[in-house]
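Once you've had a glance at the structure underneath, I'll fire off some questions.
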Amino acid sequence: MKSILPILTVVAAIFAIWYAFAVILNAPWAYSKAERADKTLSFSEMVSDTMAQDKPLLPAPHQVAVEIWKTTALKNVTSKRSLVYHGWITLQATALGFAFGIGLGIILAVAIVYSRVMDMSVMPWIIASQTVPILAIAPMIVVVLAAMQVDDIVAKGVISMYLSFFPVVVGMVKGLRSPDTMLLDQMKTYSASPSQAFWKLRLPASAPYLFASLKVGVAASLIGAVVAELSLSQNGGLGARLLAGSYYGQTIQIWSALLAAATLAALMVFAISAIEKVTLRRMGMAQ
Amino acid sequence: ADDVTLQLKWVTQAQFAGYYVAQEKGFYGDEDLNVTIKPGGPDVAPAQVIAGGGADVVLDWMPSALASREKGLNLVNIAQPFATSGMMLTCRKDTGITGPEDFAGKTLGVWFFGNEYPFLSWMSQMGLSTDGGDDGVTVLKQGFNVDPLLQGQAACISTMTYNEYWQVIDAGLTEDDLVTFKYEDMGVATLEDGIYVLQENLDDPAFSDKMVRFVRASMKGWKYAEANPDEAADIVLENDASGAQTEKHQQRMMREIAKLTAGSTGELSVEDYERTVETLMKGGSDPVITATPEGAWTHAITDLALK
Amino acid sequence: MTTVIQANNLDLTYQTNDGPVHALKGVDLDINKGDFVSFIGPSGCGKTTFLRAIADLEQPTGGTLTVNGMTPEQARQSRAYGYVFQAAGLYPWRTIGDNIRLPLEIMGYPKSDMAQRVTEVLELVHLEGFEKKFPWQLSGGMQQRASIARALAFDADILLMDEPFGALDEIVRDHLNEQLLELWARTNKTIGFVTHSIPEAVYLSTKIVVMSPRPGRITDIIDSPLPKERPLDIRDTPEFLEIAHRVREGLREGHAYDD
Amino acid sequence: MTTVIQANNLDLTYQTNDGPVHALKGVDLDINKGDFVSFIGPSGCGKTTFLRAIADLEQPTGGTLTVNGMTPEQARQSRAYGYVFQAAGLYPWRTIGDNIRLPLEIMGYPKSDMAQRVTEVLELVHLEGFEKKFPWQLSGGMQQRASIARALAFDADILLMDEPFGALDEIVRDHLNEQLLELWARTNKTIGFVTHSIPEAVYLSTKIVVMSPRPGRITDIIDSPLPKERPLDIRDTPEFLEIAHRVREGLREGHAYDD
Amino acid sequence: MMWILGSLVFWALAVVLNLYLVRNKVAGAGFIVPVLFGITVLVVWEGMVRGFNVSPVLLPPPSWVGVALVSKTHILWQDLVQTFFKGALTGYFIGCGSAVLIAIAIDRSPFLQRGLLPVGNFIAALPIVGLAPIMVMWFGFDWHSKAAVVVAMVFFPMLVNTVQGLQASDHMQRDLMRTYAASYWASLVKLRLPAAMPFIFNGLKISTTLALIGAIVAEFFGSPIKGMGFRISTEVGRLSLDMVWAEITVAAILGSAFYGIVALTEKRLTFWHPSQRKQR
């Protein structure tokens, strides 16, 4: 609650800057239009023009707001012109990719923690894998998976997984290794089996780390899903929307798709935080 | 019904109206075909999709199809619904350009991703280098839209008569502000939007038969679209998954497209084919294709389909 | 009288980046059933190392070491001992009760038995009513008591404790010392106990092992003549002070001021 | 004899989620120049809180508190005291020498002066030769000594020490106790010292403040009749034991066993 | 069939060898093991592509990629200069530098901190892919727009890490500063910044990969006719997959090297942090 006022202040400041930039960036076009029409513009005419261009370089916040309102509240959610519809499609792909990412990430993390060979041989390559530009290989993944008769949504999921498994691996490796030597020694004094040590000590100890990386991972998943939709635009989704907007220079549409994606990401992060709170409290780890 | 998957070259728009019309009007169904139309996008290479088995038929531009053949992918043109090229270079008058001879020293926007071949041939025929030297032109890889022209980052950009040109107009520039150079008029036109399949599939009689029916139905779709442009545009909009296309733009596009398909029955004009090959081979030191292609087209399908 | 722990010429050297560290050198020691043995010595003299070697948490590099006549590994696998670490080391995600239940779960005690044992040891350390609390809801002293309870919950004849009361204040410490003695008397366990405090060592033990560092070896083994029954004010008796004095002398000798 | 620290009816209440915690209630205390005052009491009785209030690290919620006749804040800003925390709290990215140099840099001592002071205090705590080492390369005891050296390096009349020897073994502790007394005698600083150990409190202090918890208040103030010169074996004299007894009694009274 | 069997046998041998190296703590295993793993991946890839006759327009065998790497060095180098040195590095330094400065500014004001961090996290969730076309519109098609995308990508991770780092010094360390009556700047320079180093480096490491990816991706939305992103997108269209993979290889090597350099610097500068010290 304490942070409402500061957030509002910051948001207000951002809007002010945004409006200022909208005027600055859109002004040249307003002037050149006027010039070609042999008119001269007063300052206020120029400003009002920059607030209402069809394809502004930077749309004014209210233009984006109107667009978002028109494409959410005023459209049936099943309509292809509804952002909710596209958001839902992206959300599905994100969820699938995120599920894949968690699965792969945890399996790799367990393998790395329990096998020195895996640790030494795979870890450097996992880091290298993240330096491969995903947008470059996404279309190739799509083609190869399509050749293997894999569903489009699964292909999207795979691309989204590529980005989200990394934070999960890193976080889980840290988490599974977080119990200190004393606790591990203690397990040894009970002569506990490796699987008992895993279920009773390592896994619960990794919970806070898991949640921290899930929050990073879900945002990465979303980015992956959006990237995948640039290559798989036939099914719609926020990425397809972004692409179409770019193709026709519809900046207002680009920005509204962007904001929708960011909102989606924020909602998912928020949801995970909520689950985290409940889980950690149940586990007694939140004080 | 027999399944056919068609991979388009670009996103859903009136450029592909014939196929969507054939689909919606049941022309494919009449031929006992069950057709799936997959839209493309900026990073979907139809040739790659067909190589991977993701499609049975693809739409491609001939320069890129012939280049793919040289990479060892045996694409064969079985039909050519587009008779005329819609590609052009659109320039701003205020840059002082009046003819191709003024290009030297200017920045030109070009589409890559396999769409650059006609442009490169043209420039090499004019003796203009494209690597940024003073005696040539500076090439910029144009993104998805017409911004480089509007913002003066480029003197000219690539446009299609049916699409980007109108986006420039919509943005507020008038025909008087612009100079256009159609590849068709410059004598460097190459064939666009042809129907291609893999040679090894074509050798299978059952597949050939499918293609005969597919081409027949598709051409029926095209002719219907030419005759009913507004209805065709509506059908396209119905099929646009992104929900971002506008009616005004698609209707206009359909009318422009109709001009390009008007002269075609679907049969590839051998004369146009040879002109395309000749243009591509004239690429100077770096021709798009190095040897005259063999077996890059066949009339076998259209002969049966259009009889 | 059976010998429970027997060390003969025990050596233990750690390999580190800066070369080997002789943590234990030529250690000879017999601990009998029912003994309460304290290990005292300056920091770094190898007290923890010795306890860990008994518990099979470190491998000796020389000499022999048997626990209940077996190798330490066999003893560990037959769950011969309970170990109390210096820090309480409770699992934050388990309640006190569940923490105590942990070794029982691992060792496969029957469910019905568990509940009873938990109640029993909680009483033993005076933590009745805290079964459902989480560790962070308890003070440091209470946590340490819970950790002792955990080591008592299962049937091990040997109890190894590494400075269990190091972090507690004097009053609480006195109190726990009394309770530990009482428990020891009642259960007849064999206890190995590491401490820094001379009065604590003297008060608790039947045998005090004084160690000195670099390399860690035993400089003195003092058998305490004090009776098994020890009220707190035994600490003011001359016998007590006499032993304490001997321990202090032993410590002084082995002590180097450079740490 | 001037009064250096004066607390009148001092109250300090922490506001926490579970409601207010009365850490100090009605504390009256005068500390004179040159006093060595020990604070002893069970865990949570407010010893640390009181020391922190003097150092202006906590704000009293009632009563008055003056340091050198000023408010604690003014005293802090005039750098009237050095503070030694319970844990050494050395900066791991600085060598021992640089850690000691830290307050000097901040207080703007001249460069030339610094080197000399560092050498001096390192000698004082017997850490010659460790100037270039990093904290983690030293044992806990050595780190604690370095942290004391750091508080001694600059000229403050008051030294506030919060259980500085809590983590050390008895021998090292004895040794540091002796040195601290010697330093105190030499510099005539006023020292406020928190401890858990009764012998330590008695051995060091001119005045022992016994506290009890909930709410934290002073239950006894004992002026020590011991002479300023105190060899270690003064601890075996009847006067010493007598005072120790009184302190223990005071502590027992205020102690609750529920923690 | 030969190819497939051969690569599987190689795989098995490599696994056995790696197990041996790790079990016996052979000197240099830390280097050999991951390299051997990488070679195994390449061998299996080559074997599978050849064995199953995968079309080279879908996935070229690594040997072709190797040939492209060697024979097209000049193109690869020119692309690298354009994308990495001009686009990525410039953006990286501007983005990380300004984020640290702003974090320090925010740090003084709890008000700003409470406001900017949640908003910053929201903005960090913007898929930057979407920002790329906008940046190209704003900053032109040359490397400036690529640098701008990189700035946008690295700014928030860096900001959040630095702000967190500045709060990382523990209470006692800060109280100590108070007892010295240290000024804001003294405690910033002598305590908070050094204590923040591990966090700052964490941000710097994350940002290395982001920077490279950002610069490459931005080139998909308009570029001069050089650059790694330009080459990748163009050569896919031309079905020259060997060149595409050569560029990807360069990107991966470069990214890993960049990461490695920052990690090494971290090791040198935060040697004191427990995570950098070997356990006893």
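A, B, C, D and E label the chains in the order they appear, each numbered from 1.
Everything below uses one rule, namely that a residue touches a chain if its C-beta (ideal position, glycine included) is under 8 Å from a C-beta of that chain, and two chains touch if they have at least 3 such contacts.
Bear in mind the structure is a predicted one, so any value in this text is a computation, not a measurement.
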item	value
Those chains which touch subunit E and also touch subunit C	A, D
Any chain in contact with subunit A as well as subunit B	E
By count of C-beta pairs in contact, the leading pair of chains	A-E
Subunit B-subunit C separation of Cα centroids, rounded to whole Å	84
Geometric centre distance via CA averages, subunit E-subunit A, whole Å	18
Distance from subunit D to subunit C - Cα centre to Cα centre, in angstrom	32
Distance between the centres, which are taken as Cα means, of subunit D and subunit A, whole angstrom	53
For subunit E, residues that touch 2 or more chains besides their own	58, 133, 137, 220-221, 233, 236
Overlap residues in subunit A, where contacts from two or more other chains coincide	57, 135, 139-140, 143-144, 147, 230, 246
Residue numbers on subunit E that touch subunit D, as the complex places them	170, 172-173, 175-183, 186, 190-191, 194-195, 197, 270, 272-274, 277
Complex interface listing, subunit E residues touching subunit B	55-58, 133, 136-137, 140-141, 219-225, 230, 233-234, 236-240
Residues on subunit C engaged by subunit A in the complex (per definition of touch)	52, 55-57, 76-77, 79, 81-83, 85, 87, 89, 91-95, 102-103, 105-107, 134, 136
Subunit A contact footprint on subunit E (complex, rising order)	15, 18-19, 22, 29-30, 33-34, 36-38, 41, 58-59, 111-116, 118-119, 121-131, 133-134, 137-138, 209, 212-213, 216-217, 220-221, 228-229, 232-233, 236, 241, 244, 247-248, 251-256, 258-259
In the complex with subunit E, residue positions of subunit B that touch it	42-43, 45, 47-48, 51-52, 64, 67-68, 71-73, 112-116, 130-132, 138-145, 147-148, 151, 153
